[in-house]
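Down below are the structures I want you to see.
In what follows, chain A forms one complex with chain B and a second complex with chain C.
Right after this comes the complex of A and B.
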């Protein structure tokens, strides 16, 4: 369907060098959302881009073995699940929906708990966006999986 | 007819430009949008959430419902892509498109 891999040593070397840094920067964007521009959506897109770049230069077959589309689907669902649980668990502990001040993190005080709740939610968004974008790419390419 | 259309469009543009004079000034602290909940968010975000970035605290904490909805929308878009476009392994001979091709040719 599409060419199985890129027959150019320059492209392969540059891509394999670039991907870890893209992923590191994506994690930085997710975890630095409290202090600067960034957050779950942007970091998730960067993570997805790193996987899509891998798909493009390694070819679909090998890349599917390294990161399968089923794993991407699981990531998308788990990300949404993390967000949903961050909403529901405070309800069990006596707050309202998405009230991170009531998360069961008893060793920190209230405002710190809300900061941690924001971080948990951002991680959930990041995983969800990451999985969804990889999934959309894999289905648009049209390779069987 | 073209000239009439042009005239109506110009009239509309003038009306819109006239309407912009009634809008509050850019970054006006007395504008209605800036006097309702925004001051509370900006002043209390450190005290409430220990998050210096007000955008993040509004997005994920004060307006968490909205972001949950956005995440659900993205996830639903991905699921729709899977349902419409996914080709499973092993049903090579029974795809719909091949049936259609053999019927029409």
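Right after this comes the complex of A and C.
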């Protein structure tokens, strides 16, 4: 039985090299969601996976210093806020819930405003899923934070 | 026509390596031997299949995406195998030897 408590340098190098590309791919999936396969949920899951990979290879303590769970909670709250505002603001301006045509962006063309509304909602969903999944991982690990 | 033949050769070779790796996963006696089989030949097989698909597709945007997937598999698959085998060694899993195998057969 081997008892050596050092990190594997291969895993460290490859993970720190892969994480930015995973995040870039997550942004691509979020912003490309209404043209092809993908969307807010999948992009948010990819963002959360990049943070969970960092948690796995750096250890919980250092990774909590780099990306704290309170920040993840703030991301989840901001995502929910964006989604809720994109739903409720059209109700104020005379539409129904999530009716993007009634968003108060008067300088944008009508059909383009609907596409922009979809993008706003996707960003909200992505941020919410990102924060929530990181929080689920932290609570499952059970380390105090 | 030439590109199609090259793609066929690459894909058939990749399928051969994938078959060998799944055979090793089923037949080898030990955890370490199985990770050996999967880590090397499955990486090679999927790289060959993906490069065959890239050659078959020609110069397009989708080819670039296939090449990105190929690079990801090339980097990530051996690293994951290394991490799993290292974790098993550190938690104290003993490698299989021939004597253990004969003992188990006698019992």
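Note that the second predicted complex is superposed on the first by the 139 of 145 C-alpha atoms of A that agree within 3 Å, B and C clash if a C-alpha of one lies under 4 Å from a C-alpha of the other, contacts with A are read in each partner's own complex, and residues count from 1 in each chain.
Note that in this section a contact is a pair of C-beta atoms (placed from the backbone, for glycine too) under 8 Å apart; a residue touches a chain by one contact, two chains touch by 3 or more.
Owing to the predicted nature of the structure, the values given are computational and were not obtained by experimental measurement.
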In the superposed arrangement, does A:14 touch chain B (first), chain C (second), both or neither?
second
Exercise for the section: Classify the contacts of A:34 with the two partner chains as first (chain B alone), second (chain C alone), both, or neither. Expected result: first
Answer with first, second, both or neither: which of chain B and chain C does A:98 touch in the superposed model? first
Winner on chain A touched-residue count between chain B and chain C: chain B
Chain A contact set shared between chain B and chain C covers none
Chain B partner, complex, touching residues on chain A are 33-37, 39-41, 73, 76-77, 79-80, 83-84, 87, 97-98, 100, 111-112, 114-115, 117-118, 121-122, 124-125, 128-129, 131-133, 135-136, 139-140, 142-145
Counting only contacts in the complex, chain C reaches chain A at residues 72, 75-76, 79, 82-83, 86, 89-90, 92
Within the complex, chain C is touched by chain A residues 1-4, 8, 10-11, 14-15, 17-18, 21
Seen from chain B, its contact residues with chain A in the complex are 47-53, 55-57, 59-61, 64-65, 67-68, 70-72, 74-75, 77-78, 81-82, 84-89
